[in-house]
């Protein structure tokens, strides 16, 4: 594992100022700059420190439970009748989502840096519980920043985080009345500005440089495993990889190892009503330049909504904007209805309960697989389990489930 | 074309001769509404403020505390946009040719407007730009700097307590107008500035530059300003405190003239405390 | 894997009539006997069929996500200050409990036997969702028998099972008014009596022969992994293994491989108010002879209750009664309060949210570890995750969690 | 000591001579309450039933449907226990010396009571025992069989539609009294017996034994019994149907005499249909 630049590679990451092509960067107030620079330096040191990487790998195995299976979804494949479908099982990770890969890495980095406190932002709470757990494990107090509305909607995750010893700060927008993920992002950056002794553990491949790179690095374990596992099982690379994208961490983690394998088609699937890459425009907010859903003059984000709160984000990680701009990754969106159908289909065919977020990826993968011949291989990253979404599913299904 | 750089330079030069400090006020364009915000700015100019920062609002203001954030959201809700902010700046310049005018806010508005178009549009109107989220390492920094330079507009640099000396050296290298020394490690309107730390930070900056250094963040009361009158800053920026006053008075009083008068009186008192 | 008798071994399982010493047997109505005999024969054939075992192992790896880590709980160890504590991570299994090991095995066996329908009983719903998932995966309809009260209390699991395509039959006791796990057990045996084309997938190491043996066989993967992993990590066997016991499947699965290793102390931990082994008497119900909590004349079970619904059972698997009778395993109980404290402690020290059931094991293990020196090793089976118990935890903690 | 085996044998022998079938009734001891249940049994004996099964209740009755299950729970709630059931059997024997008495239930009660103690206690009282969950492969089967044999009490074997011929051969080997042929694959009181299948199952059993074969489960109405009068069974067992009647009437009528009378009338009608 080294971040040394690879010639003519899409995997070399951002340039020294944090740009992926035109995207990314570090649009931070001066007050944040020392924190960011210190973090960047520590990150580069850590990933070149064998002990640090060994430690990360140790806990990925022992604590997260990696490698998780690259599961051949035989029933789903039969049902769809096209390409052979494999599911990457990040839903089997400790705490049920890919978020822990990143939280683990960053909490270890915080420890490496001698930090004594962790801040994190969260939307649905997945990143919060993952960070809170790692904080508990490594004896570092965690303060989670969470939108007022999300605290209400995701009370179970708030409770889990508190059981892990974390505290939660309620975030609101300027009005003080309501608050969602973007407000948590803004709030945590402000808090971090005021407290350089803290470590900010960013939950997705967004934010000012070096966060997109750090998160990509941590999540790339997903794609590394996919590559090794598919070679073991099929003795060749897959024809396509599909993942959902909110901030873009599970997607970049799934595909980063394959960016230079140009025969592998890569797909990112947004939620229809938060499809920054499909329907957004380029802007600069919260420290980075990327596609985003914003007002005409760039003063504000647009309101987004999605069945899947984890991908309900007005923007996306800058590397994705870059990969879109050069055409390496195809970005599409699925509707809530398509995702919910896909969710039910995976339950019924494989006995796997995906989170709503990867259900958007499944919906798109189904469309793709249908058009592909049986000798093709498609991999879907099931980045989270659907336990958290059960109540919503019940409301949506209503009487259809029967007694 | 008026030499804008000269306007800010001459303001500081004149103040120095008089052994006075610059009073730099800050209000949010569009708050509590577009008209009133313009009325307020006019009255601030009338109060004798030397420089005024016209804040163009952004919903995700990363460096601002709850007071300014609320003002931002309210003004966006009340229909402000970047075009209208430029309009206000133009009217302000028409109203008063002495005051230094600074547009202050986040990069995205300028980025979306178009950097060159923006510079041309505000040429002859404003004297400086402060872009909160525009450190030296991002590509737009040099673009904006160049575009503004053509129009004799300064791009103001902020330096904070956590900025290293090494970084200060780099930041002041091509700086213009004045240096904005941020007093507290954190966001606007929350912590109070401590005068000892302020002085030592300003000394630290003055090692590396001859530009005027103004002090901002955490200056809230007449009492605070009085303390700063004895600091080594060349000026003070009062932001959250003024915006908070506007919030308070505009809740009780909807007549824009009254609100403006109230803010004017507040600023007059602050100016008196600063240079007494 | 073979069930051939091992000389002088505690691992040879029951005799040909299903007895472990005086316990077990097959106290079944004649109507059930053909089903049981057919099942016994198929089981013996299957476990001697390499293809079958390969298939079981394949899905354990690919679907369940085994092996799961034997995790060194460094923080907990430090906190307790005694023996080195390892956690077997069955909470990381697909669907979050050890139940899937058994459901998978039995559903594969049902397929092997050409059965076209699966019945199962369930208490808390863990066995139901595991069986429903496997049923979905192998295209066999699942009918879950569940007490009326449990259906109400465990509605999330009912919903999951339905998403997996299972249907749920409400079970009541003789009064028709209420129903819990024992009523589900009685009901499912009755249903199976009436439908020999169905396969009954029993959820714990209880019931008439050959169920205790089948469940032990399937769950022994836990102990096999523990053995291999502890040898890799410590190059020796542990000094003690601790697991909770309701029916006793996760316990027997954890310890079976160690029964002949007489230097390894083995502990089963019951819930105080359903402690059949500690406070029960020998009886015969629901097809097997074992310790149980029963009325004086043996006409009825006693009402039990526990914080952990999964171990709230009036009896226990017969092999445990045998292991108690010969003194090979120490059976104790923990109180609800002790378990809840242990639950919170594991959250706070390791960022692991155990189910309430293994929290009883943790409570006991803490007591043991304290008394052991630092060069000793103790293994606790964390047989399920606590997501299901979050609401109860919240109610119990009340304001203590803070805002 | 009365030769008990003879009592059941002679009942069947006498019936054969008359070309009649045995009417075997079944009620739950303690249901609807201890006293009434005894009153009911007496009136059943009075009605001319040849054999009566006294069911000792168990809460987890694995082979019983909802009707008997409810009766079990109610009677346990109402204070029946195994001691009292034995008491009822003793009183029944005192009341009537002709009727064959069978105690029927689940092993656990006998196991807890003590197998040998039980056999001694019911010696001279009952003529047979049916233990629902006592197949030949469990250790208590031979223990109970031997203990009962000493007291001339038969241990009755059940054979079901799914019992293989091979298994039938084994089951009848040491059987005594009569063979209980279960008509339906399943629990009591739910499915209705189909007469064709009943006949062929009984024929299947009779290939292997000369013992009388009685038919039970799923015989509910006078109409059913009339059909069975033409079957090849040597007797019929009516259980759930009687218990259900008791449930119905005891809801309306709490006078135990009235309830007993009602049940007696019902049984008389059934007996008439069986042997008309």
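Order of writing sets the labels: A, B, C and D. Residues in every chain begin at 1.
Assume contacts are C-beta pairs under 8 Å (C-beta built on N, C-alpha and C of every residue); 3 or more make two chains touch, one makes a residue touch a chain.
Just so you know, these numbers come straight off a predicted model, no measurement behind them.
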Chain C and chain A - chains in contact with each: none
Of all other chains, the one whose Cα centre sits farthest from chain A: D
Distance between chain centroids, defined by C-alpha means - chain B, chain C (Å): 68
Distance between chain centroids, defined by C-alpha means - chain A, chain B (Å): 38
For chain B paired with chain D, centre-to-centre distance based on mean C-alpha positions, whole Å: 99
For chain C, residues contacting two or more additional chains: none
Junction residues of chain D - those touching two or more other chains: none
Overall pattern in which the protein chains touch one another (line/ring/star/complete/other): line
Interface residues, chain A side, partner chain C - complex: 61-63, 65, 68-69, 71-72, 75, 89, 92-96, 132-137, 139, 156, 159-160, 162-165, 167-168, 344, 347-353, 387, 390-391, 393-394, 401-403
Complex contact set, residues of chain A against chain B: 17-19, 22, 25-35, 173-176, 182, 185-186, 189-190, 193-196, 283-287, 294-301
Contacting residues of chain D [partner chain C, same complex]: 56-63, 65-66, 69-74, 76, 80-83, 106-109, 111-113, 132-135, 137-140, 157-160, 162-164, 167, 171, 182, 184-187, 190-191
